[in-house]
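The next part holds the structures, each set out as structure tokens.
Two complexes are shown next, each including subunit A; its partner changes from subunit B in the first to subunit C in the second.
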Partner chain A sequence: MRGSALALKRKQWEPLAFASPSLFLITLIIVFPLGYSFYLSLLNFDLAVGPDAEFVGLRNYTEALLRDERFLGSIWNTAVIIVPSLALELLLGLLIALLLSRVIHGRPIVTALLAIPAMVSPVMAAMAWRMMFGVKFGAINNLGRQLGIIDVYFDWFATPFLSIVAVVLVEIWHNTPFMMLVLLAGLQSIPQELYQAAKADGANAWQSFWFVTLPLLKFTMAVGVMIRMIDLTKIFGLIFILTFGGPGGSTETVAFNTYLVGFKDFRMSYAAALSYVIVLGVLALTLVFMWISRHREARAA
Partner chain B sequence: MKRFRPATCVAILLAALITFGWLAVPDRAPGARPYEGTTIRAVVNAEYVKYSLTLVEKDLYDTLGVKLETEVIPADAFVAKTLLEFNSGSSPWDLIMFGPSNMPDYGRHFEPLDPWIEKMKLNFHLDDIVDVFRKVMLRYNGKLVSMPYDGDIHIMYWNKVAFERPDNQKKFKAKYGYDLKPPKTWKQWDDAAEFFHGWGWDGSPNKLFGAGASYKPSGSGYSYHWWRERFFAYGGNYFDATMKPLINTAAGLRALEEMVRTMPYYPPGVLLFESEEPKTMLVKGEVPMLCSWTSTGKRVGNPAESVIVGKAGFGIVPGAEIDGKIVHRPPITPGRGMAVSKYSKKKEATMKVLEFISLPEQSLKIVMDAKTIMDPWRVSHLRSEKFRKLFPDADKYLDAIEQSFPFLVPDPVIPAADEYQRKLSFEITEALAKRKSPKDALDTAAKEWDKVTERRGLEKQKAFWGEKLHEMKSLGIEYRPDWAAKAK
Partner chain C sequence: MSTVATATPLVTVRRVNRHRVQRRLAGLLTYLGLALALAFFLGPFFWIVTTSLKGNEDFFAYPPVWIPSEPSLTHYGRLFTHSSGARYFTNSLVISSLSMFAALVVSLPTAYSIARWRFGGGFLSTLLLVLRMLPAIALIIPVYLMYKLLGLTNTYLGLVALYTVVYIPFAVWLLIGFLRDFPVEIEEAALIDGCSRLRALVRVVIPIIAPGLAVVALFAFIATWNEFLFAIVLTGIETKTMMVLVTSFTTGGTDQFYGEASASVVLGVLPAFAVAFFLQRYLVKGLALGGTKG
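Let's look at the complex of A and B:
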């Protein structure tokens, strides 16, 4: 009786014991920083003032969401960068993936070559493009002059609109390969029999794409878009190097604004609160996106 | 006995020579290298500042036996990282570089110098420090806590070719009705910028630009320097005695409206220019005039990169004509200081290091080297014959710096000084990018300033500002509400 009770107890704690090193690590590197930064977001800790800080409850959150026009503006700026970037990355990624799926010889090499931009760090990509966008000596302006389109003195960062265009262009160059790889994997998982059946039913190429490829690729597309959306919400390196949030505050994204608040204004508690607002925002967006996807799937079924 | 006498004499002579020689070698002299084996850790915000310390490193070791270990924390993270360490009540560094406008946030972490000056008989040659720097850069709560390291101010540079070509002079006079000369007022500056923009004023077929500037937004505060040299000339000041911001008064508005109106005469890319881009355009002969840091002069005089060596003019930044007299208000922008950490465990050696690197002859080496971007801050730097002959017209360059000193305007050196500047700078760039009208931008900046004041505590800020207001008054800077309308 006693033996079986011990065995039962052991059964209960054994999995926990095996998992404990991982749990300890997770607590140390994920749960603790998250918990601590949340605690920090409820204080008014300012690096320049000193280590003493008071508990202010949700004041930082209400300031961020109700009174901080610059932060609210940065949400809009982020959206303005995210929407065209995501749309064009998806379209171009799909186009390239479709073309690649038809390549029979040397596909791995072509795919690897096309994926190179995604392997470059955002900071490196931004540095390279900053030089390419350069006035007078930049490659783009010089090419533009030879083609008779633009002057070498054309300033890609002269106006808010142009700066956003420049940021979106670099973003697309940098991350379309990721979308392409995801969609290519999705395309290759579609059984060929379905295309053969569609062909036998008299479907042309467009109908095959519309009625076979697209429905079966929807889930992969949703995953790709979701990953990119989460990533784009945190866009920082590109902005830091390319525009530093300017001209004015036209390309100041939420992540960049948080950096300025934390590391320039030294308002660590407020920056922690902003980070939580961003995390919650991304979480909400992801949930909405997932809900829409499921809802549509359910309706289609 | 007789046989040994010469040999003995030679031996004695040799022994004496060796002994004298040993004693005469400076690094073997008794008392030399008193801190042999000591390593002092310094922290700076750029590689070129680290490089500047290498210029005195050898002499420092030969004299004190101290080795310097310099850590570079990039400027963007410098203040946050160093303050984080200090706020924990410790610091891995003994010697700290800092921006003087951050003094109210840093000062309590610095070791006061006076007790050590008395105890160790240190000589910082305080009388040799330029008056305005001595007044505004060195003290915290009335106590001497730092020494200048970089005397940053703005002066005006111009390309003589642009201003002296007879053809240009004729055209300018025909268009504006007065002689083309290096501008003395902002009105003349704006006219010249308009005149020179878009054509080869050097006689070449090239498309050249009207003037240079740095308007990079947000974290850097560049545009703020260019705005305040106009703002103060039009009678502005940061706050009144009650801490009400005065930046959105008529002086501020006029300054910003002029900057917005003349934007087309500046080079493409100016909205994202940091300090070095317009300097390069000046030395390459692409802009005819530039208000810039004093370090620019050394680039102007460097034949390896400059096409205007011997063809450049140097002067005080333009001002405004008020009642027939020109008022100049060049800014301190903002410079660098060096201090000893309160938490250092090697305070005595660090004090000696600070004294050594601040010595007139050692600091001269640093400010003369173009690669350091450090600027003169001692009177003896400006008078040094070696410096005055460093490049063609170096004497005129140093005279222009000296001429500017009596009119310098400091930053608002109160707690959160950086934050005030950045909020304002951001709004200035919002107006320059035409995302807001100048009035909206300055009103928003004033509101942001109120928020910072409220957060930091109105009474505390008022007390700090009261001191600064007094200091500024002693420099001849007061709010003059009537000047904005009067200024020509």
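Let's look at the complex of A and C:
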């Protein structure tokens, strides 16, 4: 092992002492609250009612998963947003990464410019687009009218379907750059000799993409998709600004629903239970993610 | 015989020509595709910036004015004076800077412990990964109740402490990478000269991995700057951040006046622009680890 002389010289308490500030803070501000939150989810504590609460066991969970149509609906809404977003982000990200990998001059600057949306806050992305979608003064309606594509002032948030389209569009704008960066890194790690060999064997561009690029990019794509999927299950700020869950709750996602239960209705126990349902979902996805990365490491080794 | 001899070069010439045309076309399409992508991904920024500089006449004009005839900073002035924009911008700056600094100070020794001594083995790194994936909504409910009890809502301290802790997993992950790349021999030399571990870390390691620290710091800054859920729940009238300020422009439909709203968005995305260029090389790693997620 590298640095074995150092390992021998170390004092027993040092590793723990170095890590202890982080561990202490994580215990205090993450682990303890999460434990408290789980306890809370077993009560019927409601700030709007009063400070008294009694133990109700798993009733909050059974209500959430069996009877709460609003929450079950929010799971569906979240899925309806995630699936097209992920598919389009992957496709567009791959397309742009492939284009970028063909460019030699100016690639770093173009990549950096394209990456900017991924650096801004979901809140700011949503606010910019909210104004762009604006009925009378928004860029989209104005541009559409000027180009003669539309002849009325279009309300993009009038129907559930259009609102979901708008959310997905903003999400794609916001996070395709991330997918593009991940896939570009993946593309650049594919050895050029493989393409030369494919060419020597008479493969055309399409064949070398299908039989060289795609198989070698599979893991990178899986990792990118998993990271986005995990983050999308938590989508909150974008919804808050763009649609506030509307119209008629059609864009209310799980995190947004839980926020409303907790900080509009002040049903803290029930919100805690809902948040634990989300945690379980995210945990399951994280396990898949870890399995994929292990698998990749095993293959790489 | 003679027909064959003349036919072959002709075919070759034609094929070469076709290849050249094809390659040119492919090149053209590549640049066209990238131009479209740039327009789509940067267009909204262009529109927001020009909108924030428009005067009232330009704003209501039809056909729409895309580039303001007389750019003015009135909306920024109004945002700063009328909507307390200056205060909230300062809040964002202060909270992000403090959290960034605290997260670095706490995370560096931990990362060192994991990188050099494999402290905690696989368990600690798995824990950190799980914490990175943890939904913020699960944390904010108990933290809100705790903070209310302790009087920490609507304080800098409360928000900074939470941000610091939430970004430890991210900072540690990135720092481990930088520390693993660091030549151990230099450190060994310092230790042999009688330096203590901590002294070696501060005097030898930090100066050399300073660029890495800067990368982590910038990501932590942006992440804190962009954070929304904790901020909207925990801040009050005095401690609001830029992200919370924006929500005050969303009441009353999409057609309310855009001046201040667009100015606040411009200010809100400013750090992201700066950082995207500085961090180019590290964007994949940082974003994958969740460097900017709010």
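As a working rule, the second predicted complex is superposed on the first by the 260 of 301 C-alpha atoms of A that agree within 3 Å, B and C clash if a C-alpha of one lies under 4 Å from a C-alpha of the other, contacts with A are read in each partner's own complex, and residues count from 1 in each chain.
Keep in mind that, in the parts below, a contact is a pair of C-beta atoms (placed from the backbone, for glycine too) under 8 Å apart; a residue touches a chain by one contact, two chains touch by 3 or more.
Every value quoted in this text rests on a predicted model; they were computed, and no experiment measured them.
Of the two partner chains placed around the shared chain by superposition, neither subunit B nor subunit C is touched by A:F71. Of the two partner chains, both subunit B and subunit C are touched by A:V135. Between subunit B and subunit C, more residues of subunit A are touched by C. In the superposition on chain A, contact of A:F157 is made with both subunit B and subunit C. Of the two partner chains, subunit C is the only one touched by A:A255; subunit B is not.
When the two complexes are overlaid on their common chain A, residue A:A48 makes contact with subunit B while staying clear of subunit C.
Using the contact criterion defined above for the overlaid structures, shared-chain residue A:F244 touches subunit B and also reaches subunit C. Using the contact criterion defined above for the overlaid structures, shared-chain residue A:Y61 touches neither subunit B nor subunit C, since it reaches no partner.
In the overlay built on the shared chain, the residue A:E14 is in contact with subunit C alone; subunit B does not reach it.
When the shared chain is aligned, subunit B comes close enough to touch A:F266, but subunit C does not. 134-135, 157, 244, 262-263 are the residues of subunit A that lie in the contact sets of both subunit B and subunit C, per the superposition on chain A. Within the complex formed with subunit C, the subunit A residues making contact are 2-3, 5-7, 9-11, 14-16, 18-19, 21-23, 25-26, 28-30, 33-34, 36-37, 40, 95-96, 99-100, 102-103, 108, 110-124, 127-139, 142-143, 146, 157, 173, 176-178, 181-182, 184-185, 223, 227, 230-231, 233-234, 236-237, 240-241, 244, 255, 258-259, 262-263, 268, 271-272, 275-276, 278-279, 282-283, 285-286, 289-290. Here subunit C touches subunit A in the complex through residues 26-27, 30-31, 33-34, 37-38, 40-45, 47-48, 51, 59-60, 62-64, 106-107, 109-110, 112-114, 116-117, 119-120, 124, 126, 129-131, 133-146, 161-162, 164-166, 168, 172, 184, 187-188, 191, 197, 222, 225-229, 232-233, 243, 246-247, 249-250, 253-255, 258, 261-262, 264-265, 268-269, 272-273, 275-277, 280, 283-284, 287-288, 290, 292-294, going by the rule given at the top.
By the touch criterion stated above, subunit B contacts subunit A in their complex at residues 76-77, 79-80, 83-84, 87-89, 105, 207, 216-220, 267-269, 271-272, 415-416, 418-419, 422, 426, 429-436, 444, 455-456.
Remark: subunit A residues 44, 46-51, 69-70, 134-135, 153-155, 157-160, 243-250, 252, 260, 262-266 touch subunit B in the complex.
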